[in-house]
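Notes follow once the structure below has been shown.
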């Protein structure tokens, strides 16, 4: 009895656990540990129209129960994704979420158009990358632009479009509502919180980019809160992430309102984290007599 | 690409110098796969990110690897608390190791905590290898007996001359090249040292491999945080230390 | 040689370390461990016009490297502060920062007026409490209102006024500039990030208030980033806080731009934290030959 | 208000029942100050908040206190790893303990992990105390010998009757009152149990003190997170378990 399969925007996932974009590459590096078919899906590294080299290193700094990164969307570009990564991924028996980012609305639209007819299962439109100068966070912190870019991608796509929101805003609910109104099929949250670390011996920021995105267990309470707020404000499904590292965390964020769960930085600590979470959810359902994990989505009862 | 993740037993622990520890880990599956120059991602309890530590030496018969590390901060301080009999959580072997060319001559240059990764590769070249090691002073000298036991000729340098010759490894390297030109130079240590060595190798038309460091997260090539500037086909790109390295052909590396 | 004394808005602090509002009461509970005179000052528990009972319990939830609280400004009211707490505090040879919060602009003005002529050294105007329905965060997330309430308090005060900012905003710099333009003598940041935890066994939020404010080491990178951004954008001094728990953290947030440092949640883990930080700073200055700790403020060199 | 913070040595550790541990900590300065019913804020490595644990017993001569705790989650699981000889980081003694009235009779009622705090106070009343303890079943029974050794009469109840009498401590309490009315009832355990006991005490006109629980941060009265609803001068207010309690006069407590 498969208690873990979930339908998310019309796409069937065998389980709700998906490695988060940018933390798992295209899965190649983890295949020697376990088959990718154990995963509900993979949200691939953020893809841009053209190849990008990303920001200079150091691109990572450790923080209490978390980390900062400033990769800056290094990737081979959408053509390489389509010609090299996708053909490999489609053989892995798992869902493929193409995470895309553009510096202009037109670029986002073009990216979506390029993915038309391809074998990807969904698009995740990243309007919240804190590590790039144009697009990125600028899109994700303005309701109007967030709506416009969503619409542009929807208009050029034949796949369900999930929009990935930034937590660095006064009201994530307003942004969520705007992308919903502009056709988003789902939202995913949270991307990283903007942070900084300084090496006190050198008086220099640890990251060459000065600032970077905070992720890992440290941000989990913020993620749970935002997922809860957004799930209660929109009528499209929510994909939750931000600090999830155990099956208990997955249950918690699902109770808050997430139908699908992405696992990111936790993988660096334990590459088996996603499959351990899948196994934990399976056992949780069995122990509690839950027929399908979707039953717990959004069930938190506020006081 | 093939590596393992697991908790493995520490079968011995030694203090090599003040704040420098040598632990031997029983991990037959890792030892089987490991090559000189690769590294391990080591979990330090209470810390979110793993610490990259080079595989200093591999004993495929005993099924062990050696990790030699120095206390540099809070994470390595925590690792130093681990004792014989306890488990250590590692992901290994990772990255690309050094080239081993049967019957060819190598000079292995290590500076400070860059010396440990030289042990395995020097052993592989055995009598065909010369190990040039540089340290701050006598108290910091480590691993010289390991080279000798493998029949490797050793040249020891210290900054203050308190042990071996006084001065930089690069001076010793130039002299050694003049004396007996090797087929390859392999090196690990501070970036300035590596750059100098790369220049020397280039000037002398000798192949040269350097082992680089960069802050890491995944350690396996998935997260792209460990970028380093390299040149491929005449174009500068960002390669990744954990997957494309840590060992690079020195001609590929853009030294800042 | 006192290497630690700092002048902040014209007030002399013997060192830059101040327990954060709400985490140290009025100091009474820690006097049996060490004299309060070891501290640069104390930012007292948030004071309102009238006595408040605060939110129902549970009011605390643990998180990775941090905690959520939802106290909701329980306090005895400003009259009790003036008649009972202040007379005791003035004997302690440390600076007294009165942290005030009101549900309306008028209330804030009235509070400031009540403190006129009293023995406090500074006012910290809290426009960022996430745990109260009116005022609080609502003030701190809107540039215009933040400016208005600042002005109202300044107009009614004879003390330097520091305004405490919320991190739950798209641009903390805009809020900081607005309060500066309206007369704030300093800003302090960050207050807590809004978060949530759910007990997966009961399906209920752990906090009776459902959501609460995240503090502790987990938020430190966000605090450093915001202090850096704000310090670079305003010409008034910045009091930094959020996750500071060691002297190294204090150095880091000072390098980012904080002239004064508050220490909050770390005290729960180690009640000696503030004095250990003072001692650590002293040793740091001696080791590095720094004549006065103020020399490091804002010295981080961005790449 | 007077308490200490420090790392103190664990001088003995026992397992009382599955998942329930009894550790004795050598802390003469704390023991000197401690009173029955007070508690300690115990640091669990890797966790941000301390865990409140009642002081089960105090030996002022030996300079030790006993902490008896049950594994309830990840923090107490970590505490359970501590062994004899290791250090435990505590802030103690904290809060207000139970009243001790020379020569008066007390009934001490504990439910489950609410039994440990009854040991110290029952000992203080000695032969004038009756300890009524309730547990799920025989396997969960703890500390009965401690009461007996102090000359305290014990009444044991289990939910399933596998040890002592079957049924609730409240039934046993009512019977005991009928038999021999005490001057005071002190109690610790689940809120529902405490409420029932408070009602029984009130009905019988007996003074009653209950020990409450609440999630804590500072443990000393500074942060105000550990609120509980109490009545003072006819008005409902929020008191704080760590400072105003954990022991309250049952008439002050608003049981929800």
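Chains here go by letter, A, B, C and D, matching the order in which they are written, and residues are numbered from 1 within each.
The rule is short, and it goes like this: contacts are C-beta pairs under 8 Å (C-beta built on N, C-alpha and C of every residue); 3 or more make two chains touch, one makes a residue touch a chain.
Just so we're clear, the structure is a prediction, and the values are computed from it rather than from any experiment.
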item	value
Shortest contact path, chain B to chain C, counted in steps	2
Greatest separation from chain D - chain, by CA centre	B
Geometric centre distance via CA averages, chain D-chain C, whole Å	36
Centre-to-centre distance between chain C and chain A (centres being mean Cα positions), rounded to whole Å	34
Centre-to-centre distance between chain D and chain B (centres being mean Cα positions), rounded to whole Å	57
Overlap residues in chain D, where contacts from two or more other chains coincide	none
Multi-chain contact sites of chain A, meaning residues that touch two or more partners	56, 61, 63-66, 216-217
List of chain C residues in touch with chain A within their complex	56, 61, 63-66, 68, 141, 168-170, 193-198, 200, 203-205, 208-211, 214, 216-222, 224-225, 228, 243, 248, 251-252, 255-256, 299-303
Chain D residues touching chain C - in the complex, by the definition given at the top	1-3, 5, 43, 47-50, 75, 91, 214-229, 237-238, 243
Chain D-touching residues of chain C, taken from the complex the two chains share	22-25, 28-30, 32-33, 45, 53-67, 69, 71, 74, 206, 216-217, 265, 267-272
